[in-house]
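Common to both upcoming complexes is chain A, partnered first by chain B, then by chain C.
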Partner chain A sequence: MTAAATPSRRRRLFRSNRRVPPTLFLFPVPALVLYVTFFVIPTLQTFQYSTTNWNGYSADYDVLGLANFQRALTGDLLFTNALTNNLKFMVVVVIGQTFLGLLLAVLLVRNTRTTIFLRALYFFPTILSSVSVGFIWKFVYDPNFGVINSTLGALGLDGLKSPFLGAEGQAIYWLAITQIWFHAGMMVVIFIAGLQAIPAELYEAARVDGASKWRQFRSITWPLIAPAMSIVVAYTTIQSFKAFDIVLSISGNPPSSSLDILSTRIYSSFANAEFGYAATQSVLFIAFIAVITFVFRRFLRLIQGSES
Partner chain B sequence: MQNDPRFAVNRRQLLTLTGAAGLTGLAAACSGPGTTTAPSSPEGPDTEGPAEGEVSFAHWRAEDKEVFDELIADFESENSGITISQTISTSTDYEAQALRRMRGGEIGDVAPAFRGTQFESFVESGLFVDLSDTDLVSRYNPSLITVGEQDGKQYGFPYQVVFNVPIANMDILESVGVQESPQDWDSYIEMLEAIKAKGITPIAFPGADAGNAGQLFNAMIMNIAPSDDMCTKIQAGEYKLTDDWFIEMLRLYQQLGDYVQPNAGGTAVEPAEQMFATGDAALLSTGSYHIASVRTLGGEFPIDLAPPITSAPGEARYVGIYNATFILGINSASDVQPAAMAWLEYLSTPEIAARYADGTAQFASVQDVEYSNPDLQAIAPWLDKELALAPRYQFTDLDMRLAVEASAVDALTGTDPEQAAEHAQEIVDQRIAAS
Partner chain C sequence: MTGKVSRAAILTIYALIVAVPLVVVLFGSFKTTPEIFANSFAPPGSLNVDNFAEALTNGNLGVAFINSTIITSSSVTVTLFIGSLAAYGISRIPGWRGWTLYGFIVLGMSVPVQANMIPQYVQFGSLGLLDSQIGLILINIVVTLPVAVFIMGGFMRTLPDELYEAADIDGSGPWRTYYRIAVPLSAPSIAATATFLLVMHWNDLLYPLLFISSEDNLTLPLALLRFQGQYLTNYPLLFAGVVLTSIPIVVLYVLLQRFFVAGMTNGAVKG
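The block that comes next holds the complex of A and B.
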């Protein structure tokens, strides 16, 4: 190529350099075929099914347009109840898991034998299967044989005993505590990785300037932990909506209405031969996760921006 | 590798190819629902071909696996050329997925259906072959196999008979002067009061387990409802949960709330079984299907049934509840139907049904079965009493059933009956409107 080449010739040369050997296109084909077959087509079909009253096995069905969406949003107490439960669950889990994870990470960020042992200890529940966790907590919460009520009874605090999962207004919060116990260890690891990436010189400079521990946290740790925080919040939000096996193992199937969340509601609709309506709820489920994750991340950026 | 201009692909061609692939995917995605392979015509079973091959026996009774393993071993030794493999799912997974998995003939050459919704779905989708003209019909108790009929044809045979009523520790009942379950409501409450006075929990109630908590509903509604098809009529909107009789039933539930363990709404089924097995509770509210697990947990006392009778003395239409379930049928998509029929015929002989019944502590609906299990022998007289077929399974809409049963659990655990009924009726109305 010479400096005197005309613009059109340069474009042609550019295109010519962009030519790709056709065999290279074969490399992504297996992955594409799998992706299209097992993700793209089922996803598109979900949108299609969501507008029908298909029962899951019959060859006949009616196209209902947006009637299923209208039913879910305005005429289905079971869906509204599951959505409300899910939002309560999500708020408690996101706040609890994030702040507990951050607190433990700040306390355990230094690499000593004790902190490494404690990190491993807090991480341990994460490697358990969710069904095991569900069964463990099912018995922790049992009102007659469970460890909490038994301890309260032994301490003479019978007045504080609770039915836990049988308490209509509280059950979803007890479930949220289980979820926090289950996953907080993972958040600790993510936060510690973020904290250890913050240059030590910044803290040294702050100490020289006489900044208190709290001031160091507010002006250095909090703004610089933002990438890890974003990951934790997005992950926890999505995870709160995807909780499914832990709900069924702790509550039984079908779950009681006080523990019914969106994923279990969708499953119940499938089991009830309402395939089309379950698809509608799945589409709404995707939309809720997308909107809430977006709002959380914007909110986080706002508060961390104002702090920095 | 050198670029050969004859095979070069420019950006426009690349976009065109991607677009074409996308459109193909879209077209594939837009194939209508329900267009998967349909089973062959569900006429009578194929009995002409050779009885050989590998038969898949799909079911949900993991607790019966060992007994079935023994029966399978004996069957295979008598029928060389046929092998039987069990495919066991949890009952809830089976309820949700069995139909889709069996339609392709992938599993379940022989398979059971739950009574009610699932059996109807199996028949409507053509999954079960018509067994009306087989000699199996004569091997079962005629009064029990009606649950395997649809449109005058026999598509399946219920293999198990269970009593979905509370079971009782007769040692405790006898200690308060009760030899057999009371036949009216006031006597029933007197019995519970006497048990409570001895410092024993009268009823272990698994309020946190919707499926098991709902069993009590059967006996509570059987005599108080205006008709035997009460749940069908609730589902159709002909009866309302706010009707007097239903509210009255919730008030009786509320009364029972004084006789269950503390915080019963949060108790799972396993701790409730434990309470009963250890003698901490006199009754377990679920049903005879828990007798075997109570024995496994170490309960050695005599057990009988103790259904609550909600009527005044002498006015009860029914004295108990039974359910015929595990409705065995032959998959129309099966390519080993003669072998599948041979297995079903084997299960339908009185000797084999007796072995199954004794091994699992479940009654069988096959005729002329002689039980040697002491618990079955003790409860067998109930088979001749005036029993209602479990009403809760009349609901074909599971969400509606759960809402109705939840209103009863709510009343038992302290919610005002009218408020509980109104809330449940709202859900029922919404589901009727959507259907």
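The block that comes next holds the complex of A and C.
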């Protein structure tokens, strides 16, 4: 993933400045035409829509300036509720998925028949559609007959039974667990690639010096896993904002307010013919992702830099 | 050793956490509602396919299966073709111009769907491409071009200059060099891109939900989502729908596992 890491490689990737056939410039044209017309221009239009009250079909609309932004950030309980839910969801998913992924990767780092099988099994949920995963977990969490509560009942642990998605304050955390189940397997693969890139001699030297397993993890694995860690954290953060299908399938359309997150809120505004205001929320959505990704990257550099 | 025991325990428990819900759903797709509620873990008493039949007919999954096959295969094929053309051209353009074009297209990967879906909806509406399979194929191509150019372009950049020089000297034009040299040598990255696109388009809900309204044009995830409203907690039918929707991808995963893991991880990780 770290293309062009070293100077010599970078130089080689810049193709020498000799003449190339001019027809080469035609090859990217179909992609560029589609990309600019249907992707770049609509992205810019979102910013334009965001300052209006356009409803999607009438010919005229008013330009409101920043009023929509003010409405979203200060006067719209639905939006602030979705934002709060999304932040809770993100924190649990990022922490849970990163640590579970790293733990399982450390345990599966060697290539044996068992570890290869387990990696394939753990990866399996990733290939399913979010709608399928939503339905599967709707049943796992079913308060009366679901997988968890009926297991607890069989073990005589009725006290631990929970309404799960029906419990208003907790629902979003249960959804986060579903999301972790869905994607942790991919994080395992990324972490294993990172772990296998660490030279084995480092561990041998540490063992010779009598370092404990934990000490080896702290001093070798943890700092050297930094590149994989930042990929996982960045990916998981963005993914926890992009979650959409799974919310609709586990909760219905529109979702219950305890499971409403930003992507579903934007969709609901859009479905309510509030195109301008939906675009405003989209702009805020992009801004949140940008800020949070930036902060996480800084934070990771801080904690991992200080320990090596 | 306690280390070994706890390692085995953790790995086994997580394997069960992954597998049990999947097995329960597979078993449940052959059962009736009372059978599921009585004991969801037990294997089905018989291979009763009523749920599948109902999902395919009343649940529209039969139509949706055909639609999804057409839409996914067209989207993947065209994206691979246009994307590999761009990846090839860009990777051969020297200096800053090549890098700028690459960066401009790849930047699209960091733009979430919510950033452009509303204007796209308006645009496709004015072109008469809403509730149309062509429209859905077109939007699929557009949104996955950046990732396709990223994976294939990244690979093609590593093909040595000398290869192209030799081809030029032999009098091979850029087009011929594209399909005789660049594409065959990039086969692994094209296969990885293909699996990533396949899973993504097959499973996507958002664009079908935005663009498609009539029953004739439903895709599998959209048809499945409609079960929710119609059948609420008819679990056997939901499970049969989940199983039917997943079969093609699961079969491919078992056969082509290496490509799946490489392609999906590459595609998702985004640089």
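As a working rule, the second predicted complex is superposed on the first by the 282 of 308 C-alpha atoms of A that agree within 3 Å, B and C clash if a C-alpha of one lies under 4 Å from a C-alpha of the other, contacts with A are read in each partner's own complex, and residues count from 1 in each chain.
In this section, a residue touches a chain if its C-beta (ideal position, glycine included) is under 8 Å from a C-beta of that chain, and two chains touch if they have at least 3 such contacts.
Here the structure is a predicted model, which means the values were calculated and not measured.
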If touched residues of chain A are counted for chain B and for chain C, the larger one: C
Touched partner set for A:F69, first chain B, second chain C, both or neither: neither
Which superposed partner A:Q45 touches (first chain B, second chain C, both, neither): both
Touched partner set for A:V140, first chain B, second chain C, both or neither: second
Which of chain B and chain C A:L104 touches, first, second, both or neither: second
Which superposed partner A:F270 touches (first chain B, second chain C, both, neither): both
Touched partner set for A:S257, first chain B, second chain C, both or neither: first
Touching partner for A:I127 - first (chain B), second (chain C), both, neither: second
Partner chain(s) touched by A:Y173 [first = chain B, second = chain C, both, neither]: neither
Touched partner set for A:A59, first chain B, second chain C, both or neither: first
Common ground on chain A, meaning residues reached by chain C in one complex and by chain B in the other: 15-16, 18, 20-21, 23, 25, 32, 40-43, 45, 49, 56, 138-139, 142, 144-145, 248, 252-253, 267, 270, 275
Interfacial residue positions of chain B with respect to chain A in the complex: 1, 3-5, 7-11, 21, 25-26, 28-35, 38, 90, 92, 95-96, 99-100, 103, 117, 121, 124-125, 207-211, 261-269, 271, 274-275, 397-399, 402-403, 406, 410, 413, 426-427, 430, 433-434
Complex contact set, residues of chain A against chain C: 1, 3, 13-18, 20-21, 23-28, 30-32, 34-35, 38-43, 45-46, 49, 56, 100, 103-104, 107-108, 118-132, 135-140, 142, 144-147, 150, 181, 185-186, 189-190, 193, 213, 231, 235, 238-239, 241-242, 244-245, 248-249, 252-253, 262-263, 266-267, 270, 275, 278-279, 282, 285-286, 289
In the complex with chain A, residue positions of chain C that touch it: 3, 7, 10-11, 14-15, 17-22, 24-25, 28, 36-37, 40-41, 82-83, 85-86, 88-95, 98-99, 101, 105, 108, 111-123, 138-139, 141-143, 145-146, 149, 154, 157-158, 161, 168, 173-175, 178, 199, 202-206, 209-210, 220-221, 224-225, 227-229, 233, 235, 238-239, 241-242, 245-246, 249-250, 253, 257, 260-261, 264-265, 268-271
Chain B-touching residues of chain A, taken from the complex the two chains share: 15-16, 18-23, 25, 32, 36, 40-45, 48-49, 52, 54-61, 71, 75-78, 138-139, 141-145, 149, 161-168, 248, 251-257, 267-273, 275-277
